[in-house]
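We call the chains A, B and C, going by the order they appear; numbering starts again at 1 in every chain.
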Amino acid sequence: MSIHSTRRHLLGVLGAGGLALGAAACGSSDPFEEEDGSGGDSGSGSSDGGGSGAAIAIGSQAYYSNEIIAELFAQALEAEGLTVDRQYQIGQREVYMPELESGALDVLPEYLGNLLQHYDSEAVSATPEEVHSALAEALPDGLRVLDFAEATDQDSYTTTADFASAHSLTAIGDLAGVDEDLTIAANSEFEVRPYGPDGAKEVYGVDVSVVPVEDSGGPLTVQALVDGDVQLADIYTSDPAIAENDLVVLEDPESMILPQNVVPVVSEKIDEAAADAIDAVLAELSADDLVELNRRSTVEQQSSADIASAWLSEKGLV
Amino acid sequence: MSWVLDNLDVIAGYTGAHLVQALPPILLAFVLSLPLAKLANSRGWLRTGVTTTSGLMYAIPSLPLFVLLPGLIGTGVRSPLNIVVALTLYGLALMVPTASDGFRSVSRDVLGSATAQGYAPAARFLAVELPLAGPVLLGGVRVVAVSTISLVTVGGVLGVPSLGMLFVDGVRRGIVAEIAAGVVATAALALLTDALLVMLGRLLMPWHRGREAGRP
Amino acid sequence: MNENPFLGALDWLADPMRWSGPSGIPVRTAEHLGYTALGVLVAALIAVPVGLYVGHTGRFKGLAVGAAGVARALPTLGLVTLFALLVGIGLTAPLLAFVTLAIPSLLAGAYSAVESADPATVDAARAQGMTEWQILTRVEIPLGMSLLVGGVRGATVQVVATAMLAAYVGSGGLGRYIFQGLGSQDYPQMIAGSLLVIVLALVLDLALLLLQRLTAPRGTVAP
């Protein structure tokens, strides 16, 4: 199904030129296509087949885990008889937030802390509940956040089990006692985040320097940590690589790192029925669930559509 | 490999999007380079200017250009139009100096005799000058085509759909086959386009083939 | 901070703080130059001997042209990410990609340099009793030197503009400014990084153009 979405998305964006090429591409791919869901063959992306008028446009970040969550929402909405238009893998917040504000997108899975920081760069860390209510204030008119999930995907100071036991580390503050230069592999913007080197210095008295690896805590970052190129890595807490490599996420007792629970940001087009369907997904989405969903994508290399439909039926949501 | 077989439709979709962003810049760079090169050749100082500007343009890293261009021309970052404009600029940077050389290589005597035979300027350009500069122009377009098709992938970092998305997603998920598929598909697209251009050249310039074969 | 990111970039560059320390502009520029030089050097060690052999003997020309064509068609970002997954972070992965990027220009420069020698001149040298090695080193290479340098020039400019990708997988160079600016929406920093890359590319291009002119044998027309 995500196949369809990709194609329809392309058709929509690229217009007539894309139509011919997209159609040619479809031809060759048909034998491999799985059966269509209810949001299926609506030609060149026309949106008037659904239950309640125009299709609901669901976006996702260019992040496989985010796409899986978006796909959970999409299939849950389709199960309610609604028509959805999938527009996945949109690069950055600076790109998709204006599209949400303008109504080009209706739903996108977000993360509490990062979303708040987008609107309020001065935002300080707090409990998920506090960030959630601050978000309600900060969002522009026409946008709102639904409930947040238990599942969270936040930045972390993670190290190997060996390094942790050699220096008796359990929390970030313990790093202050380590008598060697500490480096942390992370995306380069980690350098300027409030929980980056400056925050670690200020809150915990720990000196670290960043080795930039631009795969957002992905395999390259994990490999650098495991190989000992760095002592620490910023690995997102929903990453299955943490358990697989027996890594240790250092505790953050001072809550320096913003909570990043999954929270959908939605437009006014999402009525109560649609919001209920999305809320039902969020209520079931535990931290372990998100790790497992990610594992099916990275280790088992399944598509987001397959992962979502399997999980939704396991949970009895469709 | 199984990732590739399971995701042929994804690859096909990205290939289509890739072509939609790559083909217009190649065509535009070729068409626009002809008048620009003629203009450049008409004045010595202009020609120097064009060569310098082209060198400058080609030194601009592509990723920042893709990010900054929307601010200058008013498109969205995710708009393929943005990529098309940026790649046309790169294409022109390669193509204008080449076309300028191509037209200069046409002997003045030949042009003079064509005029003497009664060719009007436009007809002389189309029937004499363009075909004679053809082989050089073809060489230029081939370089532009291959480089453009490769550069489209950079948009993937920004989430513009193209085969470059396979690199970004693949590195994030740790799927080597996904990245390899992107590399192979991009290279295949480039080489296929190149081969088509060569064939087109033989079709339009049958005399050129013989001359090339006759070289030592 | 300046509202206009381009003016902001100039402010960024004018800040004396940027010009010192381990992540200062001189260090990052030196790293960037180092990656470029290493990439071109390794590529030259492979491509120049092959190119000279092909040019001198005329053998395997099709193969060399074909290989260069394939190398040209490979997307550098894909190579960097692919190699990084296979060998890990650090300089190896981007370096392999830069070498691949530099080879076509160097190869073409080397074989066209040798081929550019007038066959009559080469025959004359052979008639004088020169060995093939002497013909190559004393006649063909000196005559074609400026084309060879032209290949180095093309390769260098390409690699220097692409060397920012080293910062994608854990190394330094001017790409650090570009990726950090991109990731944190600090566009002045990103533009400043790009401007530095452009200046570096132009300086290298001009320097090698000069070398190309100087190495053109007397009596021939410089490019």
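Following the convention adopted for this analysis, a residue touches a chain if its C-beta (ideal position, glycine included) is under 8 Å from a C-beta of that chain, and two chains touch if they have at least 3 such contacts.
Note that the structure is a prediction, hence the values are computed from the model and not measured.
Novice: Quickly list, by label, the chains bordering both chain B and chain C.
Specialist: Touching chain B and chain C alike, sorted by label: A.
Novice: Taking each chain's centre as the mean of its C-alpha atoms, give the chain farthest from chain C.
Specialist: For chain C, the chain whose C-alpha mean is farthest off is A.
Novice: Please work out which of A-B and A-C is bridged by more C-beta pairs in contact, and write that pair.
Specialist: Higher contact count goes to A-B.
Novice: How big is the gap, in whole Å, between where the Cα atoms of chain B centre and where those of chain C centre?
Specialist: It comes to 20 Å between the two C-alpha centres.
Novice: With chain centres taken as the means of their Cα atoms, state the distance from chain A to chain B in Å.
Specialist: Computed value for the inter-centroid distance: 36 Å.
Novice: Could you tell me the distance, in whole angstrom, between the mean C-alpha positions of chain A and chain C?
Specialist: Inter-chain centre distance comes to 38 Å.
Novice: Where in chain C do residues touch two or more other chains at once?
Specialist: 84-85
Novice: Would you pick out the residues of chain A that each touch at least 2 other chains?
Specialist: 94, 215, 219-220
Novice: Going by the contact rule already set, what residues in chain B reach two or more other chains?
Specialist: Answer for chain B, listing residues that touch two or more other chains: 157, 168, 171, 174.
Novice: Taking the touch rule as given, give the residues of chain A at its contact with chain C in the complex, in rising order.
Specialist: So the residues of chain A in touch with chain C come to 94, 185, 187-189, 191-193, 211-215, 219-221, 223-224, 227, 229.
Novice: What residues on chain C touch chain A, complex-wise?
Specialist: Those in contact with chain A are residues 84-85, 88-90, 167-170, 176, 179-180, 183-186.
Novice: Along chain B, where are the residues that touch chain C in the complex?
Specialist: 55-56, 58-61, 63-65, 67-68, 71, 146-147, 149-151, 153-154, 156-157, 163-164, 166-168, 170-171, 174, 176, 179-180, 182-183, 186-187, 190-191, 194, 216
Novice: Tell me, which parts of chain B touch chain A in their complex?
Specialist: It comes out as residues 2-3, 5-10, 12-17, 19-20, 24, 76-80, 157-161, 165, 168-169, 171-175.
Novice: Under the definition above, what is the set of chain A residues touching chain B in their complex?
Specialist: 2-3, 6-7, 9-10, 13-14, 17-18, 21-22, 24-26, 28-29, 32-33, 62-64, 89-92, 94-95, 215-216, 218-220, 297-298, 301, 303
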